[in-house]
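Shared between the two complexes below is chain A, which pairs with chain B and chain C, respectively.
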Partner chain A sequence: MVFLTLSCWIRNRGPDRFWKVQELLKHARHFRGRKNRCYKLAVLAVRRAFVYATKSRKLKKRNMRTLWITRIAAATREHNMKYPILMHNLNKCSVQLNRRVISDIAITEPRTFLSLAKLARARQQEGFRAALGDGKEPSGVLSRVMLQ
Partner chain B sequence: MSVSTRFGYLQSLRGFAALWRTNGVRVPLHPLLSLCAARTQSSVSGDLLPRTSLSSPPWSEQTSFVSAEEERSRHAAVVSTVNDRIERQDFGRLFAVVHFAARQWKVTNEDLILVENHIEAECGDRIYLEKVLLVGAEDFTLVGRPLLGKELVRVKATVIEKTESCPKIHMVFWKRHRFQKKRTIVQPQTVLRINSIELYPRLS
Partner chain C sequence: MSSFSRSAQQWATFARSWFLIDARMQPPGKIATMCSVRLQGKHKPIYHALSDCGDHVVVINTKHIAFSGNKWEQKVYSSHTGFPGGFKQVTAAQLHLKDPKAIVRLAVYGMLPRNLHRRTMMQRLHIFPEDELPDDIRANLTEELPQPREIPRKLSEYTQEEIDAFPRLWIPPEDYKMK
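Our next item is the complex of A and B:
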């Protein structure tokens, strides 16, 4: 006589629950409190952590750029100049260095940064001289004074 | 391409300062000064006109005039000193700013660079990095406008490693809307080692 009903009542709910839970808990092991041990709390915390990581990958680029700009501004003010003047004149000289590299140069290569600042200052003076002019009439323009 | 040296610019700065001090800075004010001096022995020293927003122009008046020939001679002196240095290969370690893979890198010898994309070269291939924006040594800098010539600078690199990045998780979650997406991003990476930066004497 073989009893078959008992074995029909046993359910196999799936052999992998332990590993699926561990896959999520491994991302939570460095958290504080019960969120690093208990699955229900860890699910929410891990989801929040992933979303924050995704958003801050975009924010990091913005923050780094403002940091570079702050550093370059501080370095130019040591040389009696301002940040917008430096960048505008370097653009006009068609020197296409980006802010990350200029801030690295300002930190590690002070002499090169000084030379860039002087280049910008010279270009600024050239611009002033071109704008102020010699005091003569521009060519191709006739004024009443000249006609008389 | 513009060139700058420590010595040249320091000399020119000192020259400018001397000129500025010896020349009269504000010529139109002189007749006023003399008139006031002739009228009274006033004890007011300093500004004789009250300083308003319109008493002086908004730009600084420090433009000391250097004649074109003098400027050209100074520039020629600077260029010749830098040329001598390059011919004698008298500099120590060089650094360069290189444009590569849509980014600019400040690079020296024996540097490692991690580039976040795929490069069409095998491991162990030697590469020239051609877009050089700036080269500097201890005493001089060569600034490209915007690039320096290929005959002037040569940056050699080797491809060391081609791997994939660690898996980054891109997750979007919108609360109270039952909206959640998760995706794993793995990007190819390449590691380059900068072997050397060489300067060849051909400045003009």
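Our next item is the complex of A and C:
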């Protein structure tokens, strides 16, 4: 007896399963345990990792901003001032530096940061004088507060 | 942040300083906020939660701490031994008598972030009930921080001239009986 249909039962499903599996496992190589080797476990772990990555793109922006704010607050407290005072008065002086740039300045350019702090302090005093005073500027000083 | 120039590299940026705080006649909460800010490193512009930039803080004279209001009798510190019926509640005055360092230590512990760094930061906090410091800690101190509260002077600390120079707010009538 010869089995003639035996050769028809052999199916070649596809030549590149190995490479498709490797494409997924390459994203799991730095995981802990069997998730970095076994396909069934790696599929779930890699999907979860990608979901976390998409959600964290928004979180990263929030976290970076809070970090910048913490750093600017620390630097202003070194100059006997507080963060909200600095930002409000820089805003009123129409200094449009964002928090990223100001925190970089605070770390690498301390004297520039000191000048920003002094500018904010001067604008604050002008605001107090405008609010409490009689509407006239002190002699010899021209400020935008009164002109606005 | 990719354009740091080599010329301005400050080598002592990540050095750990030792701060000294005198807690005589100060509210322990204010002392604790100052301590927790410096233990976390939040007083530095290079702060990052992962970069271990906290400093050491030494608090002296914690035996002479001064709560405001009636907190010595009203503030309650609770704990549980883990055994049934082991819920203990002690007032601040009783706790202070038992251990003069406990109030400041618990205050700072509660103000630090609730993560695994908290225990390391508490290791860097050194509390002493009186003025005496060990010599190795005294050798490490770099800066003393100003006290948060201005201590009011007692009547006996005013000179007679200052008492006389103070304006009289009210003149009692002749038949007024002073207690």
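The rule is simple: the second predicted complex is superposed on the first by the 130 of 148 C-alpha atoms of A that agree within 3 Å, B and C clash if a C-alpha of one lies under 4 Å from a C-alpha of the other, contacts with A are read in each partner's own complex, and residues count from 1 in each chain.
The rule we apply is simple: a residue touches a chain if its C-beta (ideal position, glycine included) is under 8 Å from a C-beta of that chain, and two chains touch if they have at least 3 such contacts.
Being a predicted model, the structure only gives us computed values, none of them experimental.
Asker: Applying the touch criterion given at the start, work out whether A:Asp104 contacts chain B, chain C, both or neither, answering first, second, both or neither.
Answerer: both
Asker: On the A-aligned overlay, A:Leu67 touches which partner chain: chain B = first, chain C = second, or both, or neither?
Answerer: A:Leu67 contacts chain C only, not chain B.
Asker: Contact-wise, after the overlay, does A:Gln96 reach chain B, chain C, both or neither (first, second, both, neither)?
Answerer: It touches chain B, and chain C stays clear.
Asker: For A:Arg77, using the defined touch cut-off, is the partner it touches chain B, chain C, both, or neither? Pick first, second, both or neither.
Answerer: Once the two structures are laid over each other on A, A:Arg77 reaches chain C alone.
Asker: First (chain B), second (chain C), both or neither: which does A:Phe50 touch?
Answerer: first
Asker: Output check: A:Gln125 vs chain B and chain C. Expected answer is one of first, second, both, neither. What do you get?
Answerer: Once the two structures are laid over each other on A, A:Gln125 reaches chain B alone.
Asker: Which of the two partners, first being chain B and second being chain C, lies in contact with A:Ala117: first, second, both, or neither?
Answerer: neither
Asker: Applying the document's definition of touch, where does A:Leu86 land relative to chain B and chain C: first, second, both, or neither?
Answerer: Neither partner.
Asker: According to the contact criterion defined above, which of chain B and chain C contacts more residues of chain A?
Answerer: So, of the two partners, B touches more residues of chain A.
Asker: Which chain A residues come up in both lists, the one for chain B and the one for chain C?
Answerer: 104, 108
Asker: Which residues of chain A touch chain C in their complex?
Answerer: Per the touch definition, chain A meets chain C at residues 67, 70-75, 77-78, 103-104, 106-108.
Asker: Please output the residues of chain C touching chain A within their complex, sorted ascending.
Answerer: Per the touch definition, chain C meets chain A at residues 1, 4, 8, 42-48.
Asker: Residue numbers of chain B touching chain A in their complex, please.
Answerer: Spelled out, the residues of chain B in touch with chain A are 2, 4, 6, 9, 59, 63, 95, 97, 104-106, 133-134, 136, 138-139, 141, 143-146, 168-173, 180, 182.
Asker: Considering only the defined contacts, which chain A positions touch chain B in the complex?
Answerer: So the residues of chain A in touch with chain B come to 47-48, 50-51, 53-54, 57, 93-98, 100-101, 104-105, 108-109, 111-112, 115-116, 118-119, 125, 128-129, 132.
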